[in-house]
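Two complexes, one shared chain (chain A), two partners (chain B, chain C).
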Partner chain A sequence: MDLSLLLDPYILTEVLVQGSVRGAMYALMAAGLSLIFGIMGVNNFSHGELFMLGTYVMFFVTVILGWPWPLGIALAAAVLFFFGMFLERTLIDTLRRKAGRDWVLDAFILTIGMLVVMQNLALISFGSERRGVTGLISGVLVWGPVIVSYERLMILGVASAVGLALWAFIRFSSLGKAIRAASQNPEAAQTLGINIRSIYTITFGIGAGLAGLAGGLLISIYPAYPTVGFEPVIKSLACVILGGLGNVPGAILAAMLLGIIEAYSAFFMSAGWQNVITAGLVVLILIVRPSGLFSSSKVERA
Partner chain B sequence: MTAVAVNSRAADLWRSTPVRVLKVLFLIGLLIAVPPLIDSPYITRIFVSAVMLGVLAAIFDLMIGYAGLINFGYAGFTAVGAYTAALGTFHYGVSPWAGLLTGGLATAFIGLVTGVISLRLRGLYVALLTFFVGEAIRFSISNAPEFTRGMLGLSVRPFPELLGIDFGRGNLLAYYYLLLLLAAAIMLLLNWLVRSRYGLAFEAIREDQLATQSLGLNTTKYKLYNFTIASFLAGVMGAFYAYYLGILSPSPEEFGVYRTVEILTITYVGGRGTLWGSLFAAFLLIGLQEYFRSIGPWRLVIYGSLLIFVMLFARRGLSSFKKYLW
Partner chain C sequence: MGLEVKNIVAGYTREVPILNGVNLVAKDGQVTVILGPNGAGKSTLLKTIYGYLTPQAGEVFHDGKRIENLKPNQMLREGIAYLLQGHSIFPRMTVEENLELGGWIMRDDEKRMKAALQQVYERFPRLKEKRSFLAGILSGGEQRMLEIARLTMTEPRTILLDEPSVGLMPSLVDEVYEEIRKLKEARYTILMVDQNVRKSMSIADYVYALALGENRYEGPKAEMEQRLDDIVREWI
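And then the complex of A and B:
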């Protein structure tokens, strides 16, 4: 590979644009995963299955019912929001009350069980064929030598809008403040009259809703099939670690960064090595800076 | 009154040491006698899978159940053992008998390195780090097809003849008894380990790392021991798997997250920190899977539901029922 190609401004722009679209995809998933981790301490390994359910809702609404695609995306988010709250209240909440002090690792194992069940129920209900929806928006933007489809730009736009809305919600709304209080000090928040159980349920619902939204939004790239969630969950897990566990803005930044790094590495070597690079990067960060790339505070390491 | 007394006397007898010895001997007898008596390759293969996964789950239990370390890249670690052994035999003509050792040593080395870099972390962080280490190993194998043949599959020579016993792939029983010997050695080693002062140290670390440290125990050292020993044993099992199977490919079902989840479920269903529970759970789960083979994905739904059920309602797994049977 000719390294001087890297300095070519057109190629540089092309890689940057492709990388940010890819990053925006990861960011949506990573934001929900990071939110759940930050507030509840739970590493939701079944996040990819919530994404998968989102793709099926999208397919059902747009293809079977024939409704317009923005409605499909909205419904995917809404359905998963309620389903997420249901899962939290029936399973995770039960575990929290049973397992006591060290429930976090157990919750991780529990979500693995949820993953296996959801994935195979989907396989039983829908079969293994891929059901995609293509061409939500047609046409491409040609800007000099850079070519991007409008659909990918829409993904970038929606992801940015959702990221911003999430930030504003957590920052300014009273529920958002309660959520932050619950994550900083659950006991103190409880004495101030915040219902921790409800906060956890709503938080998991929001995280699941974001996964559903991502599933609906990305259906042209990730069609609906039972194991579609695997790649998104691995990538978003990587972003969550790179950004610092539980640090939502950090996870979004890391997602953009990872998208661009992957776009670059895809330019230089066969696609298979991308995964090695991602995994290597994550391992490196966990060794050197377990608190993530963007954090100044220290994570409990003892 | 009398009925109760009689019952409790019967229960005492049932739990007395000689009866327990008889029960253990009976179970060992079943393991040795059932496959040749039934004499069907299908049953023998199920027994091989169950013993292999049971021992792998017991090794997993050494980490999670005794020291609270979760190796979520476990299948990737067994891949190191399998591929080191198989590649050594394939490219350099290393004897498969030596391959069992090289596989173990290579995995122990990876375990040591992973242990060193994850020492600063705990709980979930260890899980995440090991997960990505495991994935990096698996992707590296599949991305170097010129050396490992990647997803095309690497064919592995069977064990050569030893002491007049033919280890051709057709002779399944030879592989089964070899596995039983390996399993016995590994289980006895694990059993000795968790009852030694090392085992006490592991459990102390699991319960309270800070308190263990302030008692003057070097927690870092013990965690490294635990991780390295477990990795060595997992590597030996991986190497056996390679020679038994005859063809390796780095698929997620064999060396990725699915296999790790399978083993982890066996450990949890067997009961954390019980060691022997894993073997029983392996026979239960592999048996269930085979029994329900006709219902396809439903058996995995049962598998996942069982894990959820154990996490929520039977937190000590099968070992909760031990008092009725043992």
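And then the complex of A and C:
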């Protein structure tokens, strides 16, 4: 560990940007996971596989079809949004109606099953090789001692814009208000004419769309291969727990924090340490603050 | 017209029905009260009328239309509002957002929404004062007012009330019945389940007493008031 590097502004900003890009990816994943958990009570273990499908959509659109990359990212999000709604309506909704009261525990097993099926279908269909897309945008921004590639800026920009749009949607649109109402008191929401089934389907679609978007956006860092979703889902689950279960802004904050901490620990210690640090942090915070860093009672608006 | 329940059999599992053929009419513009001991099936009856439970047999009519196979989220469109037992506000949303959600089925009609909000605020100045507060920080009484106000946003014809005063401190109970009296004056058809026998009798027009999921007694208020002691003694 060479602490004299702490004084080098170039290295510090480089690591900060690297961490923020990671954090942005965790944030997109964690926001969807947290939204789904907050509203449906379901922990979607197959979220990483939705990310994986996003990477394949991105690869297919930009490399096989040769279409421009912004279209690839948009399609990764759109395809996964509809696929997510399809999964919810055919599998989770069916389970909820048949299993009755204890369906949440059954849903736990169901999403693990979805993980295994999607991962293996991808393996059979596409093989195990890694298919990446590099250099979506070339060039770097030089600003004093700070050098940042345009691609990273684009990733950060898109992730922030999407995060903001999600927040505004949940906060101000009438559908967003219905989603919040359904999470705070589903029975009462129903008496007001809100269709909980549709809310669940749309919520899952949004979560899946965010995972797809993350997959498309980060294709140059996480290429398409069947098990690429493992690391993102583990890390974003950690963020959901750190942020307070079901607390979307908390999860996003935790994601950025985790990304940056990981980047610094990888740089100043060694790459192997970053997962230890993540897991250690989760255990530590769960002991000190079992309801998460930003428990819902403190953050008033989810 | 009002609300009519015919021979309803319903329960949480097929093998154990809670309601064994209940019959009931809630007449247009009147307050109909359902009394009965714990476990008589009073709340279950409201839940069945509102579509939370699908009846195994029997029919429910609202203004002449059969509704027993409709889902809870379709009921407000049929003109039936429901005050759930316990808390039904959305605590982490503002008072105004809560009221707007009361008008969810008319969300595309901005004019109607504004007019409805205006009306509620005139009737409940306290809610207007606190419209940008989170509903969760209101006092217990104010939360109940918000719930009652929210029921009327879409001007339904019929209102189901499940234990409207339960869990409130005594000084607030009278306030709640005063609001229900106002709903009665506004000619809503009201069907109310209540354990607060005397208070609910005071605003009732017609009273049913259930026991073990069946009709036990029924009659106009005056008649039932005379028999009240006998009815209540039976429960103990």
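One rule holds for everything that comes next: the second predicted complex is superposed on the first by the 283 of 302 C-alpha atoms of A that agree within 3 Å, B and C clash if a C-alpha of one lies under 4 Å from a C-alpha of the other, contacts with A are read in each partner's own complex, and residues count from 1 in each chain.
Everything below uses one rule, namely that contacts are C-beta pairs under 8 Å (C-beta built on N, C-alpha and C of every residue); 3 or more make two chains touch, one makes a residue touch a chain.
All values derive from a computational prediction rather than experimental measurement.
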When the two structures are overlaid on chain A, which partner does A:N195 contact: first (chain B), second (chain C), both, or neither?
second
I'd like to know which partner A:I112 touches here: chain B for first, chain C for second, both or neither.
first
Looking at A:R180, would you say it contacts chain B, chain C, both, or neither? Reply first, second, both or neither.
second
Determine, under the contact definition given at the top, whether A:L237 touches first (chain B), second (chain C), both, or neither.
first
Mind telling me which of the two, chain B or chain C, contacts the most residues of chain A?
B
Common interface positions of chain A, toward chain B and toward chain C
300-302
Residues of chain A touching chain C in their complex?
174, 177-178, 180-181, 184-185, 187-196, 296, 300-302
Mind pulling up the chain A residues that touch chain B in the complex?
43, 91, 94-95, 98-99, 102, 104-106, 108-110, 112-117, 119-121, 123-124, 230, 234, 237-238, 241, 245, 270, 272-273, 275-276, 279-280, 282-283, 286-287, 290, 299-302
The answer for chain C against chain A in the complex is residues 50, 71-77, 81-82, 84, 87-93, 97, 100-102, 104-105, 107, 134, 150
Considering only the defined contacts, which chain B positions touch chain A in the complex?
68, 70, 117-118, 120-125, 127-129, 131-133, 135-136, 139-140, 142-143, 209-210, 252, 257, 261, 264-265, 268, 296-298, 300-301, 303-308, 311-312, 315
